[in-house]
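Two complexes come next, and they have one chain in common, chain A, joined by chain B in the first and chain C in the second.
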Partner chain A sequence: MSQMLAVKTENLGRVYQIKRKRGESGPTTLVALEGVNLEVRQGELFGLLGPNGAGKTTLIKILTTLLTPTSGRAFVDGIDVVENPQEVRRRINMVSGGETCGYGLLTVEENLWMFTQFYGLDFKTARERIQYMLEVVGLADRAKTKVYHLSTGMKQKMNFARGFLNDPQILFLDEPTLGLDVQTSRILRDFVKRWVRERPGKTILLTTHYMVEADELCDRVAIIDQGRILACDTPANLKKRLQGASVFKLQTTPLDTLEHFKQLPGVTQFAGHRRNGHTELNFILEDENALVKVLDAVQAKGGHLLSLEKREPTLEDVFIHLVGRGLSDEESPPERIL
Partner chain B sequence: MATQVLQRETWRESLRSLKVATWLGWQIESNWTDPFLFAVYSLIKPIAGAMILVVMYLVVSGGQTGNPIFPYIYLGNAFYIYVGSVLMGISYAIIDDREHYGVLKYIYVSPIQVYFYLLGRGVARTLTGTIAVIITLAFGVVVFKLPVNFLAMNHALFWPVFLIGLVGLALIGILLAGVTLITARHNYFIGEAVAGALYLLCGAVFPLDVLPKFLQYIGLGLPMTYWLEGLRRAMLGTSASPLLAPFSNETILIILFSSTLLVGLISLSFYRWCERRAKEKGLIDMQTMY
Partner chain C sequence: MKNFQRELAVFVRTVIGRAYPRLIGLQRERSWLFFEIFLPLLGTAAFVYIYRALGAKPEFTGFVVLGGAMTAYWMNVLWSMATQFYWEKETGNLALYLIAPTSRMAILLGMALGGMISTTVRALAVLILGSLVFRVTFTVSDWGSLGLVFFLTLVALYGMGMMFASAFLLYGREAWHMANLLQEPVFLLSGFYFPIKSLGFWISAVASLIPITLGLDAMRQILYPQAGWGFLDVRIETLTLAILSVVFLIAAHRMLLWLENIARREGRLTVRGQ
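So, the complex of A and B:
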């Protein structure tokens, strides 16, 4: 069974030790992953959706042999990542978004060529793949430019290109579009989708905290928060969990406290935050009748309604439904968030 | 059959790692915008380094370059250039790749053989070190009439000693790379600290005999001591260290080989241990910003 899986984890856990100075209080451990059981099938474009600090990167680091788990086991293409890391590395590659790595004194082409050689690509294949990937990311005219002359976004694009050079069996993309402009993000998302569709059997495990990215790209999505997998299914099936529920987004004039909205009758889940001088409130209601109580509560708090939108459930709503806060919210207690 | 295929793949990866890392190391080393400045720097730095020691010696000895201790000091100092170059070249590769260029994790995710990668990164520094050693020696022969005849020296002793010593230095470099991998704050100083300690303990600029007894024992346990002694004997035909004088040339070579082997085993095992610790503590891709 595990032969059919690109990635499999069994009760995977990772605890970081936190060094504290003498007299400094606070926890001495941080649980980054706890009891993670995950199965990613070969040929899937699988998404890990969760907020910052949910454990997505830790999981990717373990699967790419950069970090050892503190409990449980992980397999990539059926190979134990701890027992045989070299064999795992022959089949994978990874890209971390938001990074500007690279040898500044080498040209873009030289940086990429170096990595093709680590993977043992012959000269012709290496040149063809570099040329192709540079065209994909829009850096073809920068091939001979030294990396220290590139902008941050261009360096990120080069790093993205590097991840595809060896045509890996399993590719790990850790927030690949983080910090990139909208147009570039769309181009890269389209390419990711095409890459996996045109290569049957190749697998991508993508982490993101962009709900749209997970929804648009992934065959299946696992929602992760505080080191635990909360749900795993196709985006459509995840959203079906909210079938029958009414999802509303309200914008009001700034409100001081929001905690009481959770207590209102008919409110299944609620998340809210201040944004650009107004307050945004996201409600999952048992039915539309509960909206009257919500509007009354807004008025009672001295707020004025700026906009009201009823919409189809998104993955963010599923996340709010499971966790009780939004993907972009901080992981602090509700009263601090609000 | 499967094992043979795997072994072949491992060798291919090792050669690739060595080749690409050597190329990369050279790109970094030769990254001078002005070749003329690079040439001047290559010439002046080793000569200035040697002159500091020579002037100190001349002041202390009252200008006696005929004393056998002078070529002893000069040769030891010249070849010691390799110690800094090779040790730093290899251990700094970890700092450069992790802290400066931020690529260590991508290198670690690719199927490289890390020992060969590190050795490759040291090759360029060894080459630039060789240029510096040759310039220093030539300067000593021409200016200070150093009694070295490159054609008439004991080549049968020189070349094995020279090459084994370089391998030993590279292996110590791997050990330091391991320390660097698991060290956050002080990793920039480790190479310099070890090179400084070896300068004192392996008889680079004065015979071990002048050290306290317990430091002599440490010195006698270091392969670099026999490396420098072997090079001096091959080039000068004699030794100025009464402590090492009883050893024949063959004995020096055997001790050098054995101690290098031992250092190699310790270094490679230690690096693997450090790598395991780094993975446990999540240090492979750590960027301290120190």
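So, the complex of A and C:
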């Protein structure tokens, strides 16, 4: 395979076996990934965008050698993750958002030092990198604080810092800003962008279900749902797929049923949900004329229009266009059941 | 050669890195002073008074105090070695250990080394306090043999702990129950508070698979050569401990590889609340 690829998967699949008690009915397998073909170039900041349960974390687990695929192959920096996992580990690190690491009894810098030792870093290098990363995540003044005194957000920041300490060739960021406040998320996103730009050849594979994050950070994005890659391109090119279509977001008073909106003439795709006491409707229309039918339908259902916004297509619209529902919609099953 | 040096450096650094939290815990978590010295002393005291009430020879008090001190190692192996990977999995550390390019044995060894050192401080505290409170005197007939037996006992015991730890890569609460199940029977079979010889040859022979059984028996023979309660000759017990050390360490290594592969295949390495 080409040396220019940081990650490559060939027909990658993962099926989980489900243990059932005697007499318990139901499926015995879960498909988490199916026929995934992906190529991530060296130096790329590549995004995997999909709803919860789409298979993003399963893919990361396979690429970081925590899980073996049930079919297909995966390569990291040209190395087969199943045949030579130890070589893969020398080149990678991983940060999972919402996770913490280490031991509460140790201070922030002691915890980070412990993890550097698993990568064989000498004392001086480890210390320099720890100090640098603590500055980046804004924890420099907490270096001597015991971890159990930190807030959850601070622990997450420490975990984020840990991921960069071994200066990995390929870094896997699994929902890195999950649960963090807006300002911290922005700081971390800026750093991620800078890290890749300033270090030629370094690659980041980022999974997220925040479309803004994928749009803002990634050179290319793969949209994944129910274990399958549905599209893969630059954010701009993905959005171009909706060129000519009209994208509208409506807020109305609460509506009981939303199903009928899909059947309206001129509606290409539709996703809607209730939020904070109102109903939010996202439409991709063939043209603006179809909007009249939509507004009629809202009125017919007894709803009142609260706001109407015509906007440029976003990655979420691309997702809606491809899947027929929004990234945050609950009806998405975690995995397909065979 | 360079590769070997690099691997060795990572191995050694991992051992030190993973041992560190255990050592630092001694200083920072002072509650152990009460729970791990005072409480074991209470249990020890009960047996001391039983022996005294029955008019047993004074060396039996020494047997009990030594057993009380060695209890700390068994508890450490069971709850801080064997079950440790369960906690590491629950807290998310396990995944981070496993994606690092280091030997898993180095991580286990670090845990073991840290545990051994911190437990030695606790065991010594129990031994010294117990000896002072109950006026126990030890006469060491052979320091070399005592040191060797003690060292081999710890290697074999922590080797066994490392082997059990591997099981937690694959199993969660099931293994936890097993650890629970092991606690009290091992107290009995290892002869913490009485000479193992009193269980009879065959039961003692089976109990000898637990390294602390022979270790305690040999140490008691070295400290009280005149007591005459030894199960086997000290040299045989030392040799058996050496064999057990090698067997448990190799078994731990093999089991770790084997169970890690199964866990990776079945997706159990990162499953929580198992």
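Here, the second predicted complex is superposed on the first by the 329 of 338 C-alpha atoms of A that agree within 3 Å, B and C clash if a C-alpha of one lies under 4 Å from a C-alpha of the other, contacts with A are read in each partner's own complex, and residues count from 1 in each chain.
Convention: contacts are C-beta pairs under 8 Å (C-beta built on N, C-alpha and C of every residue); 3 or more make two chains touch, one makes a residue touch a chain.
As the structure is a prediction and not an experimental result, all values here were calculated from the model.
**Q** Putting chain B and chain C on the same copy of chain A, do they fit or clash?
**A** clash
**Q** Applying the touch criterion given at the start, work out whether A:C101 contacts chain B, chain C, both or neither, answering first, second, both or neither.
**A** Both partners.
**Q** Touch check for A:L306: first (chain B), second (chain C), both, or neither?
**A** neither
**Q** Figure out whether A:M4 sits in contact with chain B (first) or chain C (second), or with both, or with neither.
**A** neither
**Q** Taking the superposition as given, does A:R89 touch the first partner, chain B, the second, chain C, both, or neither?
**A** both
**Q** Contact-wise, after the overlay, does A:V212 reach chain B, chain C, both or neither (first, second, both, neither)?
**A** Touch partners of A:V212: none, neither chain B nor chain C.
**Q** Do chain B and chain C touch any of the same residues on chain A, and if so, which?
**A** After superposing on chain A, chain A residues 16-17, 61, 64-68, 86, 89-90, 92-94, 96, 99-103, 105-106, 110, 114-115, 117-120, 162 contact both chain B and chain C.
**Q** Under the touch definition given earlier, write down the residues of chain C that touch chain A in their complex.
**A** Touching chain A from chain C are residues 6, 9-10, 13-14, 16-18, 20-21, 24-25, 28-29, 91-93, 95-102, 107, 264-267, 269-270.
**Q** If we count contacts the way the header does, which residues on chain A are in touch with chain B in the complex?
**A** It is residues 16-17, 61, 64-68, 86, 89-90, 92-94, 96, 99-106, 110, 114-115, 117-120, 162, 166 of chain A that touch chain B.
**Q** Using the touch definition up top, name the residues of chain A that touch chain C in the complex.
**A** 14, 16-17, 61, 64-68, 86, 89-90, 92-94, 96, 99-103, 105-106, 110, 113-121, 146, 162
**Q** Please name which positions on chain B make contact with chain A in the complex.
**A** Going through chain B, the ones touching chain A are 9-10, 12-13, 16-17, 19-20, 23-24, 27-28, 31, 101-103, 105-112, 276, 279-282, 284-285.
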